[in-house]
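Below you'll find a set of structures to go through.
Each of the next two complexes has subunit A plus one other chain: subunit B in the first, subunit C in the second.
Here is the complex of A and B:
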């Protein structure tokens, strides 16, 4: 018998396939991942129908939490702030990221250095960003007001001003979040076949024509991905707000996740917080579904 | 000599916008409070000092928080490499009942937002007696669905013939994984390690919920709390901020290619 035949699957393997080994190998991952996502997800749903303060036994109150949420002006404001942040952050980070990536996508000196500088803020934690910008935009000691003084413009409240705080947070978000769009676009630009651009330029297309009719269409799938990804990030905004303003001043920067956190872990309304989290999850689900439909249509077109 | 490209006129100011806050972080951490509190505020200091660093080491437990973050990051990175490799390989190469359903379920968990699960996860950790221990930070990050999926995709792309040769030579499944597949998978493993490190080191939300006593803080939680408690000691706060940020930035600078590949992998596979 040739040596190869000896290593044919044993009888156990022939009956069960790789089942015993495979189960051994996937079990830790499956138990931890599903146990810490599906179980809490179902648990949160149950909680959202209950009045619970973590300590005393919870009582079943049906849809009360949801109907209270619908009438809660603070929650409405949190949703509004989240949507404003998203509406500003998503297009600006993608547009800015695309512009920077297009500028960086050439073989000149220091391009690697420029790219590094753009990406470092993204690597930094949101906490570190928030602490740094809290200092820079400190109304008393901050460098932002010092610069305004120099050019003779009145000092601003920035994070202490209810009319400005959310926009300062958008600015911090852009400073760090743009870097992600830049690297994704740079990678995608490098994937565009050189022949495609060359063919277009031989056909006499001008630079603007190439950009509009060759480059941008080739980037569309990546743009859609970034749109979904950045929307997810902004709807889940928390760390930046928590460290800079904690939702203030005058609740002008309370966002949905901060609201969930406050309800659950500051006021101990676990059920109410879970209901608010489900509203957020529903919003995210809508975004994910749009993405899924787009992917399916694209695959159908390719196939 | 070639003339420098005119694009530098655009790129240099652009890069400056990203660099200046970082520069300010470094400079202000070496200023005294007197320099910072001066009116009008200093923009370019005339002298540099270590007062901030002295103050931050006297009043904050940054060394302790560093240790905690390092423990959590090390354990979760190693465990992700181990568990994601095994699970990813099983999903890629082994035929077993339920594998498709399980993989689909794992993928579906990628879109479950953390905010939805955080309240019950807190309750779960409370039942397990892990609240206010590093265990509460480690357990949920031991293995991540994205890591499993990423490695599975990589293993699927390895030509089967390589493994079949080892199989014919009499290697067991385990030996094939350890000696043949994983050495080939180094780039993918590095990606999993980097993404895990970034997420775990930079996280604030979960430590904020799971940890109460300051001896168990991570660097991010420590920094956020420290800033809240020392609002007027800006140079010390910036010194602390720099200490927290430097390791991850240094790691990025040393392994830039790996980091960038890791970040772009979220888009390609997503």
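Here is the complex of A and C:
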């Protein structure tokens, strides 16, 4: 092949462009990307137009799955729970992460130790966290209620209470989700040129002013990235719910991905599950597009 | 030029990687052993025992080679794994499938119909316990072979009973007795509960209520495909659950897998658990002084539920099918069954197993096992209906509503019946 490429460059180049050997380099990556992401995505899209259980031959039903989804109260509830989780988790994790990062971005004793502490939850597997917290928030024997008892507050149902379970899951999610924001913000804070801050303080800016007018603007691109990233994470929430409540109690914590899983693998409604997955994918696409537009505008502004 | 070499190597690896999955010959060459794959989904001891049994089989059967693996998942996730495997067309010969999933999987023509095989005179189908046989039947055909048999009884913590001054369960006790005992064992000051009920709303929540429905004269799904638990039988069953919830004598475990329930039992915080023989080794490890009583009744004949799991065999060509049936048949023969059940902590699949010395020794080591075994005669299994998972979901949500005192039991039952009727009519 390489020898041929040298002997008859013109024909190969006509087919493969100026540097035909480049194709050899990228082929493995292309095949892997096509095979592992695009092909399954296309397959799932086809699946979403079918009545399929993976077991018997499927039938083509067009958009029926989607119109059924529109009338499905359980799916509507799953979407609502996902959106509530996202609306709470994204700003809280970013805001909390920023506050902690600012607090840790100074010369204090044992700062390395504190930083490690904040980051550890992020490294822990979601499953391990979920197990840990479901014991802590047990309504009868958990540490959380024991602490509430100590300070004289009534015992709470927590994960056993349909009105509270989703918020407890937000709290568990924050415990580790915030760690990620802290890492990113700490890195970004290191990148802010020292001269900028010094110049501002020489010009008479106070700490508040420096924060508002120098530091925060410099962090904006990172904040947008975190916003998008955390939104993706929370729209795709699954493992935390699967381990702590499996959607209960009384379907108060059913989120979209869990719903997809239940339809496809518990009720043998693979086509219907695929349609639900595509509704989620569409939501993710919208977020990605908004981000893309923002990035392009920003680059245009910089240029 | 040298820069090209890594790319070529990568491309080559890729090609050979793709080829790897394509060389599964469906028909073996003559003279070579038939290779079959089993996905057993068992970890720890149970998985090791199956591996050893497969080795024994391979050593004594030169014409068949069994590859026993977990299949990469635990049994709980096998349904998920096997449905995707079936969709991809690359599936094992034998898989460990829960009885409640069989009706759905058996709609696939890749799941072998074993009716003729088990009716062969030397197969010994009559020697299998009735619930084990029943759990493999779908629409009157045998679509799998039994893999594991269990049933439900009440395991109670003798220490807590003594501490609270409560009489231990007696022969022929009723659900009224159960409620009263549970209440007497409950002390919010000490943090003790009479009993526990899994409240995720999944099959774990639901199958514990079917014996009550059956005892009350109801059915899960009737023979003509209608909801069978409405009216008096359902009212009675939901009434017991409601009474426990209202008394606050039931620990409502909303966490998946019931780990905490058993931990609390081991810590003398829960007096009675409705559970199966698989849990006994755990209680023994924790050095619990426990007793086992049959499920209470509403005054009629004792009746419990059995939920056997199956070895489901998939069609990969006649030679492999035949080999797979031969292997599972061998695995289920009393000699092997005795090794398997004493390690898996389950009940014998075959009546013949109970006369094996391993079983006798095991029964001596595990107190209370005989109660489970006695209850197995006459235990019933869930109906093999493809709509069952959705019926179970509806009943599960209603039971959780009652357990959490969020719903009146009659309303909850009516809701479950209504949803199930819609599902069974094909509207789900």
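Operating definition for what follows: the second predicted complex is superposed on the first by the 274 of 303 C-alpha atoms of A that agree within 3 Å, B and C clash if a C-alpha of one lies under 4 Å from a C-alpha of the other, contacts with A are read in each partner's own complex, and residues count from 1 in each chain.
Here is the rule we use: a residue touches a chain if its C-beta (ideal position, glycine included) is under 8 Å from a C-beta of that chain, and two chains touch if they have at least 3 such contacts.
Everything quoted here is computed from the prediction, not taken from an experiment.
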item: Joint occupancy of subunit A by subunit B and subunit C, clash or fit; value: clash
item: Greater subunit A contact set [subunit C / subunit B]; value: B
item: Partner chain in contact with A:67 - subunit B first, subunit C second, else both or neither; value: neither
item: Partner chain(s) touched by A:59 [first = subunit B, second = subunit C, both, neither]; value: neither
item: Contacts of A:38 with subunit B and subunit C, given as first, second, both or neither; value: first
item: First, second, both or neither for A:21, with subunit B first and subunit C second; value: both
item: Touching partner for A:248 - first (subunit B), second (subunit C), both, neither; value: second
item: Partner chain in contact with A:121 - subunit B first, subunit C second, else both or neither; value: first
item: Partner chain(s) touched by A:162 [first = subunit B, second = subunit C, both, neither]; value: second
item: First (subunit B), second (subunit C), both or neither touched by A:284; value: first
item: Intersection of subunit A interface sets (partners subunit B, subunit C); value: 21, 25, 28, 54, 134-135, 138, 141, 242-243, 264-265, 270
item: Interface residues, subunit B side, partner subunit A - complex; value: 4-5, 7-8, 10-12, 14-15, 17-19, 21-22, 24-25, 28, 36-37, 40-43, 83-84, 86-87, 89-91, 94-97, 99, 102, 105-106, 109, 111-124, 126, 139-140, 142-145, 148, 167-168, 170, 173, 198, 201-205, 208-209, 220, 223-224, 227, 234, 237-238, 241, 244-245, 248-249, 252-253, 256, 259-260, 263-264, 266-268, 270
item: Residue numbers on subunit A that touch subunit C, as the complex places them; value: 1-2, 21, 24-25, 27-28, 31, 53-56, 134-135, 138, 140-141, 159-160, 162, 242-251, 264-268, 270
item: Residue numbers on subunit C that touch subunit A, as the complex places them; value: 1, 3-4, 7-8, 10-11, 13-14, 79-80, 83-84, 86-87, 104-105, 107-108, 191, 193, 199-202, 251-252, 254-256, 260, 264, 269, 386, 389-390, 393, 397, 400-401, 404, 406, 428
item: Subunit B-facing residues of subunit A, complex; value: 3-4, 6-7, 16-19, 21-23, 25-26, 28-30, 32-34, 36-41, 43-44, 47, 54, 100, 103-104, 106, 108-111, 113-114, 116-128, 130-136, 138, 141-143, 145-147, 149-150, 175, 179-180, 183-184, 187-188, 222, 225-226, 229, 232, 236, 238-239, 242-243, 256-257, 260-261, 264-265, 270, 273-274, 277-278, 280-281, 284-285, 288
